[in-house]
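Chain nomenclature is as follows: A, B, C, D, E and F, assigned in order of appearance, with residue numbering initiated at 1 for each chain independently.
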């Protein structure tokens, strides 16, 4: 078996989601020399581009703007990004979309998967993205499942990479109970740079910086003894979907 | 700050519990050169010694037998063991018992804590042990909490070691949803030796071997790609109580 | 901003649902001079018209009967009613149906939304109606979401009206835990009149009167001190989906 | 009303599922002289036939093999079996598939229904099968719901048979909390014979034998007094979906 | 092993609880010739006797009145009744009270146990009674647990009788999700007679009759096909705490 | 019946809790001319006064300091404060402590009650305080329950005031799902003044200001249409324990 390069795959409903919610995890991975690939299922062109619609911009231009922003943010994080352009509001869960994602999983061969949590009463696209990501991850494991009529080789089927849900906007309302607190202190400057690639949502820069501080406080509270974490620890919260497999309890 | 030796503290309601449920984790720790300390809150003298009562043995003798068995099993696992002799069936949750446990936490300075889960409709002693272990872990962190009238030094207060619940006898009925699957393949021979130190429950040896196989299958199913786990993987299931703190998602 | 007339929008899977489950709330609103609009997604022509099928009536006639009954009941409650005729048993959740509902939300501009709860193991149409109502409520807020190819003006997009689920037939089995008990004592005579517009389900009149008494007892039990509620208080139970926003705790 | 022959209907996502998970219940029913009908929604040809794909067999042959195995296993259990050939990985939930199942329910007139539980993070086909089985069970009760354009007679509509979910592969991860433990000791030899009809999954024979032993231990633990169950009790775990209706608490 | 007479043990926090909530089950048992024993932990003298306190009656008289009522009601149901006089409001959970209950379990040798559910935000005595009943049921099984210093003989230890929680006053608020609907149609006249033994709560007679009708409707809705239940079916709702053990799924 | 002055009763485990978690609600009430009474069950002298212990101060002095701070903060909020001095770490749940609280409830006659939520894995004193507050609220309603041997007059028993849990430090880990978002924008300056009365926890001032901003964002997101809330809306999150009783859905 050839050696696996650790690879993070982030399935994001809209163009901006991965920056706010998982930018720290992505930057931390690329700073460790790992690969990170972001798949934006849509550009968030209808549901998350209100200011541009109010300026009267046409759909194609809005999509182009969102795409450029996302590309810039991904670059800032050291990540690759691709766009499936499936449409948003609503992002429809279809067999065809899932099949495309199966193709992505097989091409990228992720060792870790990040996506939205399964509940979000404020935005139906997020759970739809999560359901498709989870289904594609399973189908991509099966040698009998073809994509575009082509069956996979044994090298192309994937294993069972762990899945982490990133934090939704209103966590308690979305049944988001974090079971992993990620220390992103070192990676946070890159996340900040990535956030600044999204100028239309400038008010979010401070909001997500404060969230990182808040989660950082929880990182320190939940850390074991003698870790000596710095005062300005920054955190991101995640929810592991499958049991952790390990040979050390810690 | 002085260097911390990784130390596992296991809070067990009865004398035998730690063997069946956490023997693999304990052996794995000691095989890595770490310290493991087991605290048995009772001998299980009333609720888990039916065969001895049926033989007409007196209470003191039953307690002595259970103690010897537990000591032998702990030795087989490479662990230390101590006994608080709080009585069982029922194991009563009292401030005095919690205070004793605070003393244990401060003396042992655990980096990881194992105990029973908080629900068990078949045995009230198990949740009582868990509640006391959790409360003692918190009180032991506070510099204002004295034990036997003596306040701790700053070295004696503990940090916030992670807590894992080990598997109850009927997991689904006890709301036990494992979120950690521990690979105990290498440690399993020691667990087997420890189980054999409990001859009165010989029928359990096979039962817990089969459970280790079952959890081992789940270890393999939930493991990431390319781990190359052997066919005879052995597992133990745990439920992490506090969020995991980490700087790598994996 | 022009002044908003308080407007209740009720999304009902079948023609009769709104009468039994929300008749009190509707009548209370119209008695306060507010507007109430009921949208029946189907006539309940297949799943809730057994007696008419047994009489051998054709589909078109059954739909007409159910429509007339619903119109009469709505009139009794002082409400408007419209019918989307999406079919029932099953009521299918489709993008087209949701788009129609988006149009309704924008036209009606509701300040409060009532619909079915999200679980009902006895009737799949009810959760389907709820899911579509919730999705339409979100899409109707977005300026980038068109209906029939036409984009909304800024006046047409809606805010974030609160959503209440009304009581299903078997509440405990449908995970229906009421967090709002509505006092409908004054409105109850109108509800009774509305129920009597549904002669084919005469046995339900008494059933829902008794339910109103039962919920009325709970209104009194849960009310704060000194409210002086009358002995014959009538109630309806609701489940608020989003957090209540208020500036007084009471 | 004509006398009802007790009839078990098992809705299985893939060809093999019913054997491993419900073989004991099926055999127990047929051994009591009751009728048992298994409906396999797919052959499991893509998702559960990895070894055959690796041998390079074409799809049609794989389906034929899985069909023969399932027929042999059903025969061993004394059950009838039919195949809807809806495809797997993914098994798509469609109105057409549900309509076919409605036809099955009306033809078979089940007094008891078995199917998969509603959650399974490891296999999306299982919950899809369950959702379709549950929906079909409801639609089949309605006299206004036609199949292939034909409306049912009053004899053809079904009652409200109880539904039991059988055990998924990883029960705790699938929110499977058994509330019925079925004693299948007498039926187990037939289940074993049926398992042996699935030679490609030979490693599962022992796995499911051990599971039957484990559930058998729980049968004994949860049984009332003086039942005198034998040491080698074999069990299967089920989750009743609707409340039990009875006139004796026991 | 000697033959067991089926025996129902009802653990009731206050003197009246068993009548309203379990009167149907008790009468049904005694009408089948079985034994039923009610244990009232308190008389409900403080928390459920407001009208008597308002009349200025002294405590001893109130207790005597409640006792006489309970005895009359038990007689009407064909049941025995005893009183532990542990005090109410609050009913304290103590080792001594549990020990007394262990004695009751060993003396009565119940084959079925009824008690309150574990949550009731309106009355803390109910969950306290339930917790003590559950704990006593476990302790009574252990040969090493003495009562009043006397160890049990092997005949005196009990098996593992099933436990059913009866319906609280506000079921949804008490997380009461019935999984057993008991048909008490035949027994209902006896329950009515028993209710009439509690003249101070005359307003409850109608309330609980209506509840029996409501639960009776659910009995019919959830019953399997062809049961031919009468229009005036009366029901009581229960929540089974441990899994049902059976050899027939039905 | 005499007119009731709206009165807020806040049951706080430690001296500082009410400031951080409910300061906005308290100030909003007093600014409306209502009465607010805070009961601190302990001074937080052992568990929440680490810096003072590190300075070597004796227990009595630490208690005095915490008391003075809490009095100053209460004054800043316009509230009365009293101290039961029950001890902390652990705060023990005893019948005597509950009886004292019953006396408080009867004296204060609250129309609204605030306290801690029922779960907090980081601090056992908080749930203990909540359990005692809830129990006392029920006992205070009963005319048969005496305090210090004295029975209440009919004026002294209380009604059924609504209960709100305030926000714990780690909401998701404490199963805290807010169902009420309180707009405290106007009251926030007073809360800020109150926080500044607690100089030892200066780092918390900013932390709770940021939390108020975060909850303020959610106030705006969840508010109905046309509310015109300002950009700098400040919020506090609450969890209503009993159903809301109302005659308007809004």
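The definition used in the following text is that a contact is a pair of C-beta atoms (placed from the backbone, for glycine too) under 8 Å apart; a residue touches a chain by one contact, two chains touch by 3 or more.
Chain-to-protein mapping (UniProt): A, B, C, D, E, F = PIG-L deacetylase family protein.
The structure presented is a predicted model; accordingly, all values stated were derived computationally and were not measured.
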**Request:** Enter the minimum step count from chain C to chain F; a value of 1 means the two chains touch.
**Result:** 1
**Prompt:** When chain A meets its copy chain F, do both sides use mostly the same residue numbers (more than half shared) or mostly different ones?
**Reply:** same
**Complete:** From the listed B-E, C-F or D-E, the one duplicating A-D with over half its contact pairs the same is B-E
**Item:** Most distant chain from chain D, judged by the mean position of its C-alpha atoms
**Value:** F
**Message:** Among all chains, whose Cα centre is located farthest from the one for chain A?
**Reply:** E
**Separation of chain B from chain F, taking each centre as the mean of its C-alpha atoms, in whole Å** = 37
**Asked** Whole-Å distance, chain B centre to chain D centre, using C-alpha means?
**Response** 38
**Request:** Give, as an integer number of Å, the spacing between the C-alpha centres of chain C and chain B.
**Result:** 53
**Complete:** So chain F residues touching two or more other chains come to 122, 173, 178, 218, 221, 237, 242-243
**Fill in**
All chain pairs satisfying the touch rule are A-B, A-C, A-D, A-F, B-D, B-E, B-F, C-D, C-E, C-F, D-E, E-F
**Message:** Going by the contact rule set out above, which residues of chain E touch chain B in the complex?
**Reply:** 95, 98, 134-135, 138-139, 142-145, 151, 154, 241-243
**Asked** chain B touches which residues of chain F in the complex?
**Response** 45-47, 49-50, 53-54, 59, 62, 89-90, 92, 121-124, 173
**Message:** Residue numbers of chain D touching chain E in their complex, please.
**Reply:** 1, 4, 6, 8, 25, 28-29, 32, 109, 111-112, 114, 158-162, 164, 178-184, 218-219, 221-228, 237-238, 240, 242-250
**Fill in**
Given the complex, residues on chain B that touch chain D span 122, 169-173, 175-178, 207, 210-211, 213-214, 217-218, 221, 237
